[in-house]
Structures are given as structure tokens and as C-alpha cells.
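Next, two complexes with chain A in common: one pairs it with chain B, the other with chain C.
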Partner chain A sequence: MVEQVNSFAIKTKNVSVHYGNKMAIDDVTINFTKNDVTSLIGPSGCGKSTFLRCLNRMNDVIESCKVQGEFLLNGVTDIYGDSIQVETLREKIGMVFQKPNPFPKSIFENVAYGPKIHGLASTQSELNDIVMESLNRAGLYEEVKDRMDDIATGLSGGQQQRLCIARAIAIRPEIILMDEPCSALDPIATARIEELINELKEKYTIIIVTHSMSQASRISQRTAFFHLGKLIEHGDTSKIFTKPDKEQTNDYITGRFG
Partner chain B sequence: MIYFALLILVIISYLFYFVGKKRALNLKFNGNIKLSSQPDYFGYYVVLMALIPALLMWFGLLLFKGNFQEMFVMSPILFPDISTWSDGKLGLILNKLNNLSVIVNLPLDDLTNGEKSILNMASENELTAAKKLANFDKIYGWSNLTLFIIFPIILGFLATRSISGKLNAQPIVEKIITYIIKGSSYIAILITIGIFLSLVFEAINFFRYVNPVDFFFSTGWNPNRAFVVDASEGFDKDDLENAFGFIPLLTGTLLIATVAMIVAIPLGLMSAIYLAEYASKRVRDIAKPIIEILAGIPTVVYGFFAALSLAPFIKDVGESVGLPVSAESALAAGLAMGVMIIPFVSSLSDDVIKAVPQSLRDGSYALGATRSETIKKVILPAALAGIMGSFLLAVSRAIGETMIVVMAASLRANLTFNPLEPATTITTQIVTSLIGDVEFDNPKTLVAFALGLTLFLMTLLLNILAITIVKKYREKYE
Partner chain C sequence: MENTHTDKNFEQKLKQLQDDLIKMSEIVEKQIEIAVNVIKTKDSQDAQLTQNLDEQVDVAERDVRDLSFEIMTLHRPVASDLRLVFTALKVSKELERMGDHSRNLAKRATSISSTFDDELIEQMYSLGRNVQSMVNQVLDSFFKKDELKAKTSWNQDAEIDKEYKSLLKNLIERMHNKETSVVDEGTRPILIAKSLERIGDHATNIAEEVIFNITGHYIDLKKSDFE
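For the complex of A and B:
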């Protein structure tokens, strides 16, 4: 029993989200297994990004947004509960956005930003180690090691996105949320990120929103299909893409709508 | 007469637009001719062809009206000694004749006593010339009117006739319009250059009396010394040595501007941060315009607020703790000025902070940063250049401010850095040097131009600095 509880990184139950009077998510229940890559797919406006942003409470700042339902981190911690501060939560659940958003600071400062805030390094050399390790793991270190003090916005789009991934893993999260991380990138940069995601799943649980079904089938072990704010189907990627249970899923996969 | 003519010109061009367009459409549908431009452009083409030559000629006539008048009336027969007159005298006489020509043909009963005495004082030859001038004006007016009606009609008619399948009106119209808008921007630039040059030339005049080294580096400001000497007799250089020292004005200006910035920077920046990052949309929509009203209050109102409320209050408070405060203190003027420029800082900084992309905030929040960490470590550094730009614009506004200082600070130059003492500024001294009955070639008057030039260069430098910084910031996210 304990084994089963711990195998889920995040459990959610009966989640509904409203923007004002408009319903964006309608009664979604889904659990994310540890050290897996889970893809959230579905047509535009189906609520997959909204759902993803609920998981690290990024919707808190949107005034009209109201989130209901149960969210449990590691089966025990209530994500929306009083026992956890939102900053501590985000230390555990990192996020990478659709458009690369490096700070207009140096490459080093970008990666060091999170560790500095959370006090993860007591000395400068520890900080250097964290930055180096994170860049290494994001597959960027070799490309930038000679220009750590250059401004990060001067990097290419693909490099910027990998820098954002390095920045996210520098605070040693357990879970990384990715909101269409490759949609602004060219195919070569996309391939690098996909490769990276594949490596990262050894250490992290990854939940990724994607528009590309081929990407979902390439990188993820589990896939969840959203439509009109509802979770239509959730299961192993191989099953969803070969013989889904629901006709709607089949229609979307085969390109009949969406 | 001229307004009537202009009105007719407008009506004619309006009609010609339709004539040209109609003709083009006729060719297209009834003549089955393929046009090379849109029908509208043929309308514009006819209007421009009819209008521009007429306007150019009108402008030419206006420009050379004086010359024509001179040719017409200033003959050696009426004025035998005309060849000995200077240009200035010629202009004066022509002016006098112009005034006379208005009344010379009126019946005596319609004239006021003043006008009658002007007529009586004029010589016989002058009256003859004035009558000729009146005739000239009549002819001139009628020729203007003809020019505005007959000429455009003929040209417009010709332009309409020239519309055919071969005529490509669009590039012609676009070229003319380009010239017109280009001309407008050059006019603005030329006026700026003109103002600058007039400052420079008068300043050079001033520096003929006063050594520039004395002006820029000496510490005594007593312009009235120049007043007691008669300009026509020339000045003893020694008399003026310590009369026009710029330094106390500079320190006064900087002192008051510093006080103003000490008020405006923290208040403005903090309210900008509140408005941009903390306030709800409703609060922001209400609060921002109210703060901006501060910039719209006439400076003279700040002036008497500073002089009548603030200064006595500061004096009372100062005296109650044993500090000697003068009734007109740099502090009072600086405080009022600081309040005035709060919106320059807050409004511009607010815009700059708002312009920092939301994605940077999201990125910081997603890393577990709090709101204040995000503001301090991401948003303010990203917006820093723009915020600096807003400070510099506010400073240049503070340095150029006049009215508050005239009313609340002092007219007496005082080399001090103590804000509790009176001080005066460059702008205030420009005002005082230009009012009063001093001849124009007296250094006491001319110093205004030297001060104006210096001030202009100071604020220009600040503005260039501000614009450069703001520009640099803009490129950052692209």
C-alpha cells in the first residue's frame, strides 16, 4: 500500500478550474507516476496548459482563476494546503515555458538565480558546482563554458530553452513541468530537447504539454488526452496511440479533428 | 480678402477631386480604358496640379510684397534723398506709409483724433506715396483673388484633360505628398536650429562685453553693476568682472534640483512599483491618472503653495528646533518642485516596469522566488535603464522649471549648499534680466541669452543621455 502511494509523484482528484464564469477544466482526476514522462495532448483550448499550471500554482496570480479539487504531492502534501508555502512548492516542482524566457542577465546568473534564492550553496565554489552540473545535465555546458558571463539573451532559441531547463534543475526539483517547450524551436533544437527529456526522466518526473503527437509518442511513457476541459483518456502511450478505448481519442490521434 | 480667396480655393479643390475621379471612372467604364492607378489618385492628382502652383505663387507674392511696394512707391521723385537711406530707415518709412495708406482715402469724419494728427503730420510727398500704396494694395488684393480662382481653374481643367490610360497618377501624387510631409518635418528642424542660432548670436554679443572665463568661473552675480553704467559709453572691463558670475546660479539650480529629486525619486519609484506590481487593475486605473494630475497643475500654483504654505511651515519647524531658516528657502522651492515631478518618475517608470515581459515574472515565480525577490532581482534590473531615463527626464524638467523658484526661492544669488538658505536659479535670473527697462544691447539683458544657451545645452545633454539609455534598454528583449 505504502509502495503504491509513493509511486505517484502527483495525485489529483476532481479538479475543476474556472476563469470567471467560464469553465476551463471539468472534473479531472489523474495521477502522475514517478520518473515517467507524461504527455498532455489535445486540441488548442482543451485546458491542458491550464491544468499543468495548476500543478505548481502558477494560476494563483490570475485574479479571475478559481481552482477546486484535490492535489497531492508525493501522496501526502496538499499542494493548495496551508502546510506548504507556494515558494517551497515551486522549489520541488520546476517549470519550463513555451517561449524561452532567460533573464536579461549573464548565463551564469541565470542558472545561479534559483540556488541563490533558496540558499542551496554556502560558498561560491559550491554555487559554481551547481551551475556547472546543471548546465552539464541540460547538455549546454560545452557550448557556453567559455562565455559564462555573456548575456543569456544572446544565445540561440534552442540554447536559451536548454538554459531554462538548466535553470529549472539547478534548484533540484522532483518534478519538471514543461509547457510546449519545443513549439518555438526548429527541428534540430527540438531533437536535442527531446533527447534531453529522455535523459532527465532518470532523475525527475516530467509532465509535458505538447501539440505534436509524434513528439508525445517519441518521448513519453504515459499520455493523457484532454478535450473541452475534460480528461478523455489516460494510459500508456503505446496503448493510446495504437488502440485507444475511446472513439474521440482515436479520431484525434488519426487526425480526424483537432 | 485673403481668407475669402482661401475659402474659394478649398471649394475649388474639393470640386476638382470629384471631377478628376469622375473622369477616370468614365474612362474606365464608358471608354473601356484600363487605368494604371486607382480612381482616387486621379482625383488627388487634379487637386494637387490645380492647387500647388497657386499656393506657391501666393507665397511668392507674400514674400516679395515689400519689394513690390518699394518698387512701386519709393521713387526718387517723391523722396529725392532716397539713395542715402539705410535699410532700417527704408523699412521704417515703408511702415509709416503702410499705416498712412489705411486711412488716407477715408472721409475725414470717420477718423479718430489720433489718426487725424497722423495725417496732419505727414508731408505732401508722403501722402501722395500713401495714396499710391493704397492703390497698390487694391491691385495686389485683386490679383491675389484672380490668382486663387482663375489660375487653379485653368490648371485643374488642363490636368483633368490630361487624364488618360497612359497617365499613371499614383507615383506623381505620392511623390508630391512625400515632398509635403518631408517639408513639414524640415520646418520643425529649421525652427529648432533657428532658435538655437538666435541664442548663440546673442550670447556671442554678450561675450563681447564679458569675458567667457569670468562668466563661467567667477562667483559673484551682480548684474545691476552693468545697469549703472551707460552702455553707449562702453564698459570698463573691470566693472563687469564680478558682475556676471555663473557659478552661484549653477549651484542654486543644482541645489534646488537635488532637493526636488530627493523627493521625487523615492516617492515616484515606489509608487511606480506599487502601481505596476501590487495594485489591482481597479486601483491602478484610478490611482495612475490621479498621480498624473500632479504634472498638470500649473506651476504657478505650486509656486504660491511653496511660497505661502510650505516656506512658512518650514520656517516654523526650523525655528522650533533652533535652526535659522530664511523665509525664502531653497528647501521650500525644491520640495514643491519635487512633488511636481513625481509623475514624471512614477508614470514613466510604471510604463517601463509594465513593459518587462510577463514571461520573466513567470520564470522567476516558477523558480520559487517571492514577489519581492522577483521585483528586486529580475524586474528592476531589467527595467533599470528605462527607470534611469525617467530620472534624467525629471531632472531636466526640474532644472528648467522657473515659476516655482521665482515665487518661492529668491532672486538674490547666493553661493551655498545649505537648503535652508535662499538660492536662485538660472531660469529665475533669465526672467529678471529680461524684465525692466534696460536697453537691449546692455549686458544685463544680453546675459539672458548666455544663460539660456547654457541651460539649453545642459538639458539637451541630459535628454540625449536619457534617450540613449532608454533606447539601449528597448533593444534588450528583442
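For the complex of A and C:
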């Protein structure tokens, strides 16, 4: 098979991660296709969040964490190499966390902060446009347009999470990492985020960690199942949820943990 | 041994679904056995029994349908569980049709005159026995998840078709020759043979569902695969 380098947003090879002496990821190789939503699933402690955090070097701040293996952005840029600064990397690979974490500032300032520090706007008008466009894309603009100066922490949980997504896309990333973004939300807010993810994949590559199997099956084109630090199976979501190749995958997604 | 579900309620319902199907299969197998015997015995009480059993089959089909619906709604099965529920729904429909054919053929067989040609009766009975054996085999393959057995039973249908065509040819030839005992029966023996042949077709459909349940794929079987 001829491999199309540019069709992958991120390529990884032989990735292993240790926390001190403890192995968290064991020789994982996986590629993420551009403009796909990929769900990383598996039981707690299987390494899916650790793996996700490796993709934009969030583990760098953990002293005992040692990351090995190859990580290529767009098939060429070494994510852990000297050719890219961590700040630039995180401009390209944004992240949304489990718990909405808006800054204790106004709604406007939350979204404007990233473009400001990354120098993406040279005038106030440009900055206004970026903020409005990002809030629009996150499906939040109509709800907050009349109270842009209100403090962001006053928004509901679902709105805060969409604000965090707006904040992530304001710096024009190519990839968005999401670590259980709906686990603190009610079903309506969850449905809104899922709808948003479906819209966002037109422009971005999305890699999401989720504990909800039904969420993985609803929103992602590809699913990767991790267990005890190993990648057990990775494939089309429709195949994983109808006829997975591995018995271990079948057991996990059908709820046979015994 | 297969791992068990953490959700015991779900586990119990999947087991119940399989038990319901086993029960339904047993009734239909019994129905076919009695109906095939009626070809020879013309026993009207037995024919009535196939009618009574058919009512049980209809109830069993509704049970499988309702439980499948409940499992899909409340437990949202995926992968092997989803395939099982999907297969159960389709297999129960095929079994229900087999039951109808058995009831109809038994009823018609009681009306066949005692002067009807013995050789033709023997030919119909032999076709019936082979169909019965095919049905037993394919249902066994379902409950034992035996892919090879399903494919083998699927392949038996070619023999059934051959036997059916030969019987039909024999009947038509005798009508051409104006053999009174055959002409007087009209289309009755043809319809009996057709019911048997249709039961064979439903058994092949079940074989295809069994293979899907095991492999996750509908495969285009060719008769030469297992010859």
C-alpha cells in the first residue's frame, strides 16, 4: 500500500511512556487521518489519556514521565524535535479538558487571550472578528453576544465547555485534542458538544478520549481501544462496534469485564 | 468460555433470548417431523396437531421480537451481542414461515387419496425427510455457533432442489400420461412438494444468518464451496 504522508494529521510509531519505573504506554503505533474524529476508548488506567497528552507534549511538565517513540505532525515535523517550539506546537494542536476551565475573566477575554499572545491579530477589529468567528463556530455566539463582558465562570457547564472549544479554535489549530469533554455535562449539553464536534471535523482533526462507548460510536469515524497500555485494536468505528477483530475489544465494548 | 456481562440483567435477557429461540426451534422441528409423517399416514389428528403447534410458533415469534426490541432499547447491544439480537429476529421470522409451510402441507397431505401412486408418496416422503435433516442441522449450527456445519447445511439445499425438480417432473409426466390417480389430485401434490422446497429455502436463509452471527459478514456462498 502506498502511504500518503499528507493524509495523516499525526503519525506515531513505537510509542512507550513510563512514569518512573511504571510503564503507562507500551509500544503503540497509530496514525490519525486528517479531518477524522478518532475516539480513544478503554478502561481507566489503560493509557488513553496519557497517550493523548503526549500528542501536544502536555506530559513534559511531569518530571517522572519519559516519552519514547516517533511523533510526526503532518507526517514530517517531529513533535518532540528541535524544529518546533512547544508554544508553536500547541498553537497547532489545541486541547479541551474534562472539566471546563475558563479563565476568571470576561467571555471576550477568554477567547481573545490566545490570539493576543500568539500575535494572530494586529488590530482590535481583527481580534473582535476572531473572537466572534470562534464563538460562532463553537455554537455559542448567539447565546453570549449581548454579554461578552460578563465573567465566563457565570456560564452554565455546557456553555463553559463550548467557550473552551471556542478558546481552542481561536488560535487556529489543525488538531483538537479532547479529554472526556462531556463527562461533566448533562445529556442536552453533551448532545450540543457532540453536534459541534461533528461540525468541527470539517476543518479540524479531532482526537477524543471518552468513557462513553455510545458517544464514541456516535461521533467518531475511527476508534482505538487501549488496554493496559497497549493499543489492542484501531479501525473504522462501524467495524469496531459491529465486528471487532479482537476478542478483547468485543468483551470490552459489550460490557464483558468479568 | 465466554466472559460474562457485568450487567447481569442484560446477561440474563440475552440468555432468555437464546432459550426462547431454542424453544421455538424445537416446536418447528416437531411440526416438520409430524407434517412429513402425515404424507404417509394421512392422519388428520396429526395434521391438526401441526395447526395447534403453529399457534405456539406464532406466540414464540412474538416473544423473540418483543424481547429483542426490549434488549435493543434498554441495553443498546453492540458487536457480538448486536449480531445475536439481529440474527434472532431474522431466524425467528424464517422459523415462523417454516411453521406455516408445515401446517399447510400436513393439511393437504390428509386429502391425498389412498389410491395415489405409492412411488410418488415415497418420493415426497424422502424429500420431506431430507428437508427435515437439513433444518435440524442448520438449527444445530446456530446454537453451537458452528460455521462449517452452517455452510454444509446451506449446501444441502442443492440436493433438495434437485429432488424437488425430479418429483415435479415425475408428477407432470404422469399427468401427461393421464394417470387417473395423479390427475384426480390436481395441484395438491405439487403444492406439498413446493412447501417442502420452501422450507429448505428458509433453512438456507438461516444458514446465512448463522454465518453472519459468527463472522459479522454476509458471504456469498457458492454451491461448489463445500462439494
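As a working rule, the second predicted complex is superposed on the first by the 254 of 258 C-alpha atoms of A that agree within 3 Å, B and C clash if a C-alpha of one lies under 4 Å from a C-alpha of the other, contacts with A are read in each partner's own complex, and residues count from 1 in each chain.
Simple rule for what comes next: contacts are C-beta pairs under 8 Å (C-beta built on N, C-alpha and C of every residue); 3 or more make two chains touch, one makes a residue touch a chain.
The model shown is predicted, which means the values in this text are computed figures rather than measured ones.
After superposition on chain A, the partners chain B and chain C are accommodated together without colliding. In the superposed model, A:28 makes contact with neither chain B nor chain C.
Legend: residue contacts after superposition of the two complexes on their common chain; A:241 is shown touching chain C, with no touch to chain B. Taking chain A as the reference, the larger set of touched residues comes from B, when chain B and chain C are compared.
Contact with chain B, but none with chain C, is seen for A:118 once the two complexes are overlaid on the shared chain.
Of the two partner chains placed by superposition, only chain B is touched by A:103; chain C is not.
When the two complexes are overlaid on their common chain A, residue A:73 makes contact with neither chain B nor chain C.
Contacts of A:250 after superposition on the shared chain: chain C is touched, whereas chain B is not.
By the document's definition of touching, of the two partners only chain C reaches A:217; chain B does not. Of all C-alpha pairs spanning chain B and chain C in the superposed arrangement, the closest lie 34 Å apart. Touching of chain A by both chain B and chain C, each in its own complex, is seen for no residue at all.
Only residues 213-214, 217, 240-244, 249-251, 253-258 of chain A touch chain C when the two sit together in their complex. For chain B in complex with chain A, the touching residues are 280-281, 357, 359-360, 362-370, 373, 377-378, 381-382, 476-477.
Remark: chain C residues 2-7, 10, 76-83, 215-217 touch chain A in the complex. Residue ranges on chain A touching chain B, taken from their complex, read 56, 58, 61, 63, 87-91, 94-95, 97, 99, 101-105, 113-114, 117-118, 153, 164, 167-168, 171.
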